[in-house]
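Pasting a structure below so you can have a look.
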Amino acid sequence: MLKVGIIGATAYTSLELIKILLRHPEVKITYLGVRRTDRPKISDIFPALKNLLDLPCETIEQKEVPENIDLAFITLPPTISMQYVPLFIQKGIKVIDFSADYRFRDKALYERWYKTQHADSKGIETAVYGLPELFREEIKSTALIGNPGCYTTATILALVPLLTKGLVFPDDIVVDAKSGVSGRGREPREDTHYCECNENIEAYSVGGHRHSPEIEHILSIKTKQKVSIQFVPHLVPMNRGILCTVYVKPKHGITTGKAGYLALSDNDVHGLYKEFYSKEPFVRLKESNETPKTKDVTYTNFCDIATKVTENRIIVISAIDNLLKGAAGQAVQNMNVMFGFDEKMGLL
Amino acid sequence: MLKVGIIGATAYTSLELIKILLRHPEVKITYLGVRRTDRPKISDIFPALKNLLDLPCETIEQKEVPENIDLAFITLPPTISMQYVPLFIQKGIKVIDFSADYRFRDKALYERWYKTQHADSKGIETAVYGLPELFREEIKSTALIGNPGCYTTATILALVPLLTKGLVFPDDIVVDAKSGVSGRGREPREDTHYCECNENIEAYSVGGHRHSPEIEHILSIKTKQKVSIQFVPHLVPMNRGILCTVYVKPKHGITTGKAGYLALSDNDVHGLYKEFYSKEPFVRLKESNETPKTKDVTYTNFCDIATKVTENRIIVISAIDNLLKGAAGQAVQNMNVMFGFDEKMGLL
Amino acid sequence: MLKVGIIGATAYTSLELIKILLRHPEVKITYLGVRRTDRPKISDIFPALKNLLDLPCETIEQKEVPENIDLAFITLPPTISMQYVPLFIQKGIKVIDFSADYRFRDKALYERWYKTQHADSKGIETAVYGLPELFREEIKSTALIGNPGCYTTATILALVPLLTKGLVFPDDIVVDAKSGVSGRGREPREDTHYCECNENIEAYSVGGHRHSPEIEHILSIKTKQKVSIQFVPHLVPMNRGILCTVYVKPKHGITTGKAGYLALSDNDVHGLYKEFYSKEPFVRLKESNETPKTKDVTYTNFCDIATKVTENRIIVISAIDNLLKGAAGQAVQNMNVMFGFDEKMGLL
Amino acid sequence: MLKVGIIGATAYTSLELIKILLRHPEVKITYLGVRRTDRPKISDIFPALKNLLDLPCETIEQKEVPENIDLAFITLPPTISMQYVPLFIQKGIKVIDFSADYRFRDKALYERWYKTQHADSKGIETAVYGLPELFREEIKSTALIGNPGCYTTATILALVPLLTKGLVFPDDIVVDAKSGVSGRGREPREDTHYCECNENIEAYSVGGHRHSPEIEHILSIKTKQKVSIQFVPHLVPMNRGILCTVYVKPKHGITTGKAGYLALSDNDVHGLYKEFYSKEPFVRLKESNETPKTKDVTYTNFCDIATKVTENRIIVISAIDNLLKGAAGQAVQNMNVMFGFDEKMGLL
């Protein structure tokens, strides 16, 4: 049995992580760490866990590293996380970090967006980006994973097949993203107040969301071209789920049906995605004329994707659960790959 | 034109009050007071008001009373309100207070439940309880109104006809109340977080909600008997609306249809309510087999009521908008009565 | 591996049942039956199941019984179900039926409420009521289970400890119940339209809901006294979850704290429930001053219960997921008991 | 007093229309027509109207035109509406039609999208498109108005200033639109079922929504260039509100701050919109860094608009209430213009 700890146990993502790990046959949760000093039982924080996991949470203010764990999931906020991660790595404990602190291979880029010096230069250099669909081999042999963001996962999975094949302009991409409120975290603020979110939809961070450089960075690395996106996130009155509607421009004219030289049909694009993801256990392609619904992927680790060729664009729509494939589920998928378990274990 | 001020202008109830007053042909809002020092425009607090009311909010920390207003709506929290109300009254400004501070005729009772000494003995003695259906005549001639709470309004209107006629046991009453989240106010807290409220229903303050003594107090005074209720409020995932399901026991055996000596039928009870509220502009009785829906009363000042006689109980169900008939709408109804306007003015 | 079939596969409860069974290590779904003739794949009906279960649905209009299954879950509506159940029983296939058709030991009572003659006299006589907390031993040895309704499960679990001990009046009970919309089934009707349910709460079937006699019937049998309840269900704007707020009267005076002769304290009642359910894997008792939230039990098979003693009543609040402990989860719990599996298997 | 009738009185838009007209000081509703034969009172269809409008609905199957009305609002579905409209026009009754039947000046275009021959050639030729911000003068003197669709209104108001000035490419426009469920109408269908809409967001009609040609048609006429858009609508779990996020490309390079030859800054674009809409009573521009929220415009006739210049695009976001500025409110605004009332009358 793998012994795991969760550092930052009171986050929404941690609750979901605990639920998955309790079902995982090869794992035992032996440590919960929090940045508060009153040692509550995790089931007092999340009554849903009562009788399932009544473990007390330990204070991590002094940055002691727990003994006897093989793997730490760190769910602390960005810029805090990197103060803890190296302590674990040094003790030989593998780490899957949920923050943005280990998602960039370019330290300067991170520092520009997160407005602080990175505290762990070695870590950021050696960390692997934890999107198994793109970096499975690297994940197998790393000790430190930067677990992708929720918007990032949905956007990258929507775009990577077309960009990899070089079929679309890498600098003419619109990503209109919609997220449930749990993406904003558990802290009570005006913008998470029920009456402010309910019966409302709004855009936010227009022209400057932090997931935008992460998406561009990873896609540029992976598809070997400078990728630039126009990304606008929206807040939707629902607990969980992300839908990304992605608009790209084909390099060559598209026809819808009548085959033309170098033109792409609906079938071409659908076939491309089908092949690209043919061996992926958690990517599902919708048939033509179907569109993804977040309700079909919430409470699962799936990413559902549909493609549609229109008169002068290709539209790709992807849906995930922001807390699962966009966070805790993906972390467990990464753990499964790192430790040689069946990649789907605990996730179906 | 009546010149009115609102003290506590950033509350949800104040937003609704402003919307109504902007439509009221006899009123002009000339003053907005807040307990903060940065003088924001009210339309910056509530963007819905942009171009409708761009008045700046004045700081009330120093407790200066604005010149040139005829009426003040005070929407401050209980125990704070009574520190401001006498200042207005002394200057000859009439007051409609939204807190509990002027809803009790019994100072000791107030002090027991609100755990503080009352700061305005004279005020609490002379204030009138602002439920026009019960105290219209007193409202006409008072300078100070304690505007009823939302649960209280819905419960009292449901119970008062049967209690007035002495047809039910006054100490065997169950009130199961359900409220939308705006009833909890605008402050971000764990229990107003979207993800905590959405897809959830729960009871709270079981066995000790502060509206319970208010209901008992007013019903006891009005119906001249000691009324005692079992009141349990619930939080429902919706913005606004209150539904009260009230279970009472008839003093004499009930039959449903077959008339018996002193027995009450569905028609008897329905007729009683119909007559009791026959002249009320804001109470609507459902026909037999219909039940009130909060969606039919939200954004209105109506209270919808249905009655149903069962084998051994009478069930009364009432629905109001907690922010309107349960707060701002009722306050304007009171204002209309106080100043001799048509009672419905601005409210339809 | 147990081979199971689901008859009525397109119901919301069937979707939940399939999700649980796919995780159950001792079961294989080999047959899906529907009352339509176009043989859709179940994953076309419920895209959430894509890649998980792409089995086609078979037409059951001709009432052929599938070969090679050991257990049939029947999720057809009441009065339809009893036309199919005997066919399975005759072939030696065990049945867990979700409708009301096998929940009454008294045929006449069933016929009065469902306004039709019962088509399977032998079945209704021999069926066991599938609430393991009350009838575990009988469930072990039966071939036919009437799986309880959702309101019924929540109400009975809330009431049975106090009634069993004879501490409360069995004919003075108010049950105010609140349910999410999935309890109304998948059929599009005016009362399941999004805009009619959202931002609304309402009571329905006031004074005549069909779950009322089921609750009284089972509680009367189990606690050996004539139990009579006042039951009013409400529709709440959320997908799933049921909360029952139950008001009962103690036979002897209650004190809250000051111990008196024969009086019940908060601790007494809490202790009684704690002991009554001490060995139950799916009943969790809230500590004093906590109340159940439906969000803590949705997507689980738990029933959370709190008790509170007030001046002249005992209030019991219970919460379940109407689709799980109120339907599909309970059915699997019954299956586990019937076939000797660990009772929690597939359900945590 | 203007006497008005509503034909198609049971639509959601009709309910909102009635509520507005009841407040309008110059109008009296004297006729309600429906396509059913049982003559229900409108307050039986919509209990919210009880005591406000208890008028019976008349059957319109025989296509008799009511006597004594000055204006008919027709809220029938497309292709049905045009069978009724000419009957009214012939009798000298002015018409505001809510369907698409009178929104196109190009009959062939209508017939291609609505897959039927247009039944009223004269009407479609002479009708005026009822968007006062664009066609106020024509509205003043017409007898027949095609009232715009909800998506159309939000999209056109977002785009028309930039297109009119020729600052952006008219054929490189992405419109990502989000609507509440009332936009789907009152008919119960699988896609309006509460449990299918709640906790879900999805795109629909990808690459072929009927509002797309309407938007292109009106913008092309008004801005005298061939406008072509990529339009994808989404269904959001809320009752009302539309948010359109519009992505356009400037013809000349954009800088954000540093002024360059022909480059557009945030201030430039904001200033352009401010001037364009300076005299419009129902268009409100957000300040820089604010974004529109649907909750600020629902239950009002406002359209809130924000603009943002990014590295290589201009983003325009608009929000309206689909039932008001997107339907009933706009119709009343049109009526006010047609009959010479204050344009805001009844709408604030």
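Residue numbering begins at 1 within each chain, and the chains themselves are lettered A, B, C and D in the order written.
Note that contacts are C-beta pairs under 8 Å (C-beta built on N, C-alpha and C of every residue); 3 or more make two chains touch, one makes a residue touch a chain.
Small disclaimer: the values here were computed from a predicted structure and weren't measured.
A.B. asks: Which chain pair is joined by more contacting C-beta pairs, A-D or B-D?
C.D. replies: Answer by contact count: A-D.
A.B. asks: With centres defined by CA atoms only, which chain is the most remote from chain D?
C.D. replies: Of all chains, C has its centre farthest from that of chain D.
A.B. asks: As a quick test, compute the distance in whole Å between the mean CA positions of chain A and chain B.
C.D. replies: Centre-to-centre distance between chain A and chain B: 47 Å.
A.B. asks: Roughly how far is chain A from chain D, centre to centre by C-alpha average, rounded to an integer in Å?
C.D. replies: 38
A.B. asks: Where the CA atoms of chain B average out and where those of chain D average out, how many Å apart are those spots?
C.D. replies: 37
A.B. asks: Please output the residue numbers of chain C that touch at least 2 other chains, ranges allowed.
C.D. replies: Counting only residues that touch two or more other chains, chain C contributes 196, 198-199, 237-239, 293, 295.
A.B. asks: Can you list the residues on chain A that touch chain D in the complex?
C.D. replies: Residues of chain A touching chain D: 171, 174, 176, 178, 180, 196, 198-204, 206-207, 228, 230, 232, 234, 236-241, 243, 245, 247, 291-295, 298, 306, 308-313, 315, 317, 319.
A.B. asks: Over in the complex, which chain B residues touch chain D? Could you list them?
C.D. replies: These residues of chain B touch chain D: 22-23, 46-48, 50-52, 199, 284, 286, 290, 293, 295-297, 299-300, 302, 304, 348.
A.B. asks: What part of chain B is in contact with chain A in the complex they form?
C.D. replies: Residue positions touching the partner: 12, 181-182, 186, 188-190, 192-199, 237-239.
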